[in-house]
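Each chain carries a letter (A, B and C) given by its place in the written order, and its residues are counted from 1.
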Amino acid sequence: MFPGFTRVPIVMPQLGESIAEATVVRIPYEVGAEIEGEADVIEVETNKATMGVAAPCRGRIAEWLVELQQSYPVGATLGWLEVSEEEAARLGIDVATPAPAADNPSGEPQKVAPRATVQPTVRGLPVPAHAAGASYLSPRLKARMNELGLHAADLAGVAGSGAAGRVTVEDFEKFITKLEENKLSPASSMRVAVADAMRRSWSRPLATVGMPVVIDTLLAHRKASEPKPGPALYALRALAIALGENSAPAGRLVGDKIVHPRAIDVGFAVEAEDGVLVPVLRDADKTPLREMVVRYNELVELARQRRLPPAAQGGSIATVTNFGTFGLQWATPIPLPEQTLVLGLGAGRVVPSWDKTKSAFIPATEAGLTLSFDHRVLDGGGAGRLLQRISALLQEPATL
Amino acid sequence: MITYLEAIREAQARALADDPRVYIYGQDVGNFGGAFKATKGLAKEFPGRVIDSPLSEDAIVGSAIGAAIEGMRPIVEMQFADFSTVAFNQIVNQAATLNWRTNVPCPITVRLPSGGTSGAGPFHSQSMEALYAHYPGLIVMTPATVEDAYSMLLEAVAIDDPVIFCEHKYLYYHLKAEALPTEAVPTGKARLARAGRDATIVTYSAMVHESLACAEELATEGWEIEVIDLRSIKPLDTDTVLASVARTGRLLAVGEAWPWGGVTAEVIARVATEGFSLLDAPPMRLNAKDTPVPYHPNLWGTHRPTAKTIATALRRLLAA
Amino acid sequence: MTSEPQQRFYIDAFRWMLLARTVDERIASLYRAGKIQGGVFLGKGQEALSAATGISLRKGDVFAPLIRDQAGRLAFGESLLDCTRTYLGSRLGPMRGRDGNVHRGRPREGLFAMISHLGAMIPVVAGALMARKFRGLTGTVGAASIGEGGTSTGAFHEALNLAAVEKLPLVLVVANNQYAYSTPNSRQFACADLIDKAIGYGVDGHSVDGTDLVACLAVLGEAVARARAGHGPQLVVASLLRLAGHGEHDDAGYVDPALRETAVGRDCLRVAEQHLLTERWADAATLTRWREEAAEQVEEAIAATVREPLPDPNQEDWCALASPHLRDGYTE
């Protein structure tokens, strides 16, 4: 190339709407020919017509890249024009740049790259704002979980890979598949029922208060009784009397109404195989302790054997649980989903207790008394007063 | 090799040959062979049956309706889809209602050269399928392949109802196939253009090819994208769309037309109502920008969806 | 001297006019009694022109009547029951409740069912005539009615132009009744006479006094004959006055009362009656008898129609397509 000159491409123009290519039919100018102004330097034919392609400016044909009767697409370089730099600058034509090296000339298939990890973002997502976040379950996921009988609680162990950490259907299927690598045994229907009840109950704000209660008098009374009432029965009867005096703490809150209990039917928890059953003593506020003992023992036995009749279950307004039998001193049991209260009795133990009259520590048997309650219905004060009443009643076992 | 345009020409030749009730009417369709040469040579091969009309879209379509009442099967060519608005009244108020009102079918075929090409501008680029699909009584076809351009046009002529045949101008010469098909899938069934696993693109016409190009690119990133070619947007094959979303859980509807009330809106409405629990992420749509179609290639290049913009949208969908 | 056949022809046309006026007035009174669904459009004042059009056509011709063509429809062969059934909403009418009042027809029998967009039926008639040309059918004619208002539409222009280019046997009958709804001619067109448009389109033009049945029969007869003989489209422009409101919901208070006193404001039915009497083709007693017969026919049709079932939405297939397998799937 001579200094002061540059090469400019002769390009196949857009010859009409939807035309993609044209056939070269005549090349009137050979290499070396001088072209004046914007002469037609090559003739091409489309479906519609034969047309001339004009040179971009004055210059000399430096090279042709095309053959007669061959088709070339719109935008293809047909040849090169040698142009003085002043001419090129005058017309603002881009100076030719060397063609880039052909991509992937060997024609090998592309290797599949590892899947790019996607960075989840929170802003500007198609996930609706109010549903964004780890707790969002897509309709498809909900449908799938429904199929398998699962609840959101079952997904607690799944790390979501979707936007804002949500669990996608893919995550879910992986989770289920992985589970199958573990030993799986069927949960008993009892277990599933308890799981469902506890999950539903937990949807309320629950709280627990507790106090120690001295049970020496109670233990003495028990020793002297025949048949012997279980410790839980004392607590049950005390709770029943207290609720008989004021049933409001056992009411249920539905919307803006308190639903009052109709009868003071109190249940008590019995461990049965894979779960817990709750037999009920009806009108426990009207029945003295000694008259409940036989029935209580019967119900315990039936419950343990899973032979508790339906009439003996359900409909109780509060429950008593004696977690002391496991040696536990305190616990925060969860009330049944349809109840507001569960009274808990812990294990008795001998502790030093300050006796004012003797000005000395004397041994006393104490047990923890707890009340777990739905905090929408009852506050700490009401719960505390109820426990105090029960504690006072338990000091006079002969009145129960 | 045969182009999309040649396939349209071949279909018309076959229709003229097979059925004496068929004729072609429109501007410049006669000896000139049509603005895009879709009827090249047909006036000579079938004398008196490929007729030049005056520049009167309303009368072109209105007269076709009258001929159809008398038992003919006219094919009318609108020079550009964009000009069919002058015939809009005849199409939607006369042709589309004739059968319902009078029990006399209206077997006309209206060919609309549709869609954008570089430099064509606002009045030579429109995609009007949603407007016509909105009116009851019309069939709307949007072939994306050379094979469908051929077999669906033949079917359009055979159907007793008015058919709006949206042929894409960009595909005319850019799309080629080995040969004409010998069998055809009937109208009303969508086509699985590409099987996938991670997301579904539902689209039609030229956007099918943009979507396939995009799917190739995403395949190198490990994503398998399924592409559904609707083929006809009225009737719209909801079953195939739902089956695909059942496989992938994620939906992107892509259309070259404008967003409001377009085909993409219809697809998403159907999936949301009939397949809500198949969706693992909210459905997405990608359309042209909400302005008239720009003329300059720099602006036109970003006005409608391309493989690149489809890929960007898909990546967001896959991350949701 | 008028020949027997011409006399019979005139009487037949007159009796179609009389029947049309009778049924129109009956429908109007039913409308005022709240018995009609939708609007009522009367042909009062246009009967001569319309009857002349209908009676000049033959079986096998096509006719696209418009909203004031009760007389022409009857003359062409439409039954009175089609009118009463469509107005009263009987399920047995030709439109089966899917369209009403004057939007009725039987396309396969050559009677096209209008759509509301004025001018839109003219290209349809042109296309029907093109089809006949394709099939080598000669000797048929297509007629379309339009008002002077409709001549302002693009559809009118495109269709007449196309018919002229194709040299179709179209008879385009323009009823210039001086008002398009409330719009007087001075706001409708600027040319001196609508008939001048014939020159513009390259077609034959015929002007006629629309109030005179004798003139209408002569002019329409000639126009139809010329079309049938292959002279291309025939534009007929008739002058008359609309003697009713645009619809029965309209009192036409905007009509210049002076017009009613001029020749164009004459009632064509009264003019025709007078002609019958003058020519002694009928006497007063005959006219009375004809009026009674017309009234009886109308009463019979209405009595039959009101006993018929109405459209039942639960029996509709709610499908607009002729091809049910292409129905779009909507679940509701």
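Miscellaneous remarks
To be clear about the criterion, a residue touches a chain if its C-beta (ideal position, glycine included) is under 8 Å from a C-beta of that chain, and two chains touch if they have at least 3 such contacts.
All values derive from a computational prediction rather than experimental measurement.
Arrangement of the chains shown, judged by which pairs touch: a linear chain-to-chain path with two open ends. Ranked by distance of CA centroids from chain C, the top chain is A. The distance from the centre of chain B to the centre of chain C, with each centre set as the mean of the Cα atoms, comes to 40 Å. Note: centroid distance chain A to chain C, computed from Cα atoms, is 72 Å.
Chain geometry summary: the mean Cα position of chain A and that of chain B are 43 Å apart. Listed in rising order, the residues of chain A touching chain B in the complex are 14, 17-21, 47-48, 110, 112-116, 118-121, 125-128, 138-143, 162-163, 168-170.
By the touch criterion stated above, chain C contacts chain B in their complex at residues 94-96, 98-99, 103, 105-108, 112-113, 115-117, 120, 122-132, 134-135, 154-155, 158-159, 161-162, 165, 320-323, 325-329, 331.
Chain B contributes residues 5, 36-37, 40, 117-120, 124, 169-170, 172-174, 219-223, 249, 276-282, 284, 315-320 to its touches with chain A in the complex. The touching residues of chain B, counted against chain C in their complex, run 23, 48-49, 53-54, 56-72, 74, 86, 89-90, 93-94, 96-107, 136-137, 139, 159-161, 187-188, 234-236, 238-239, 273-274.
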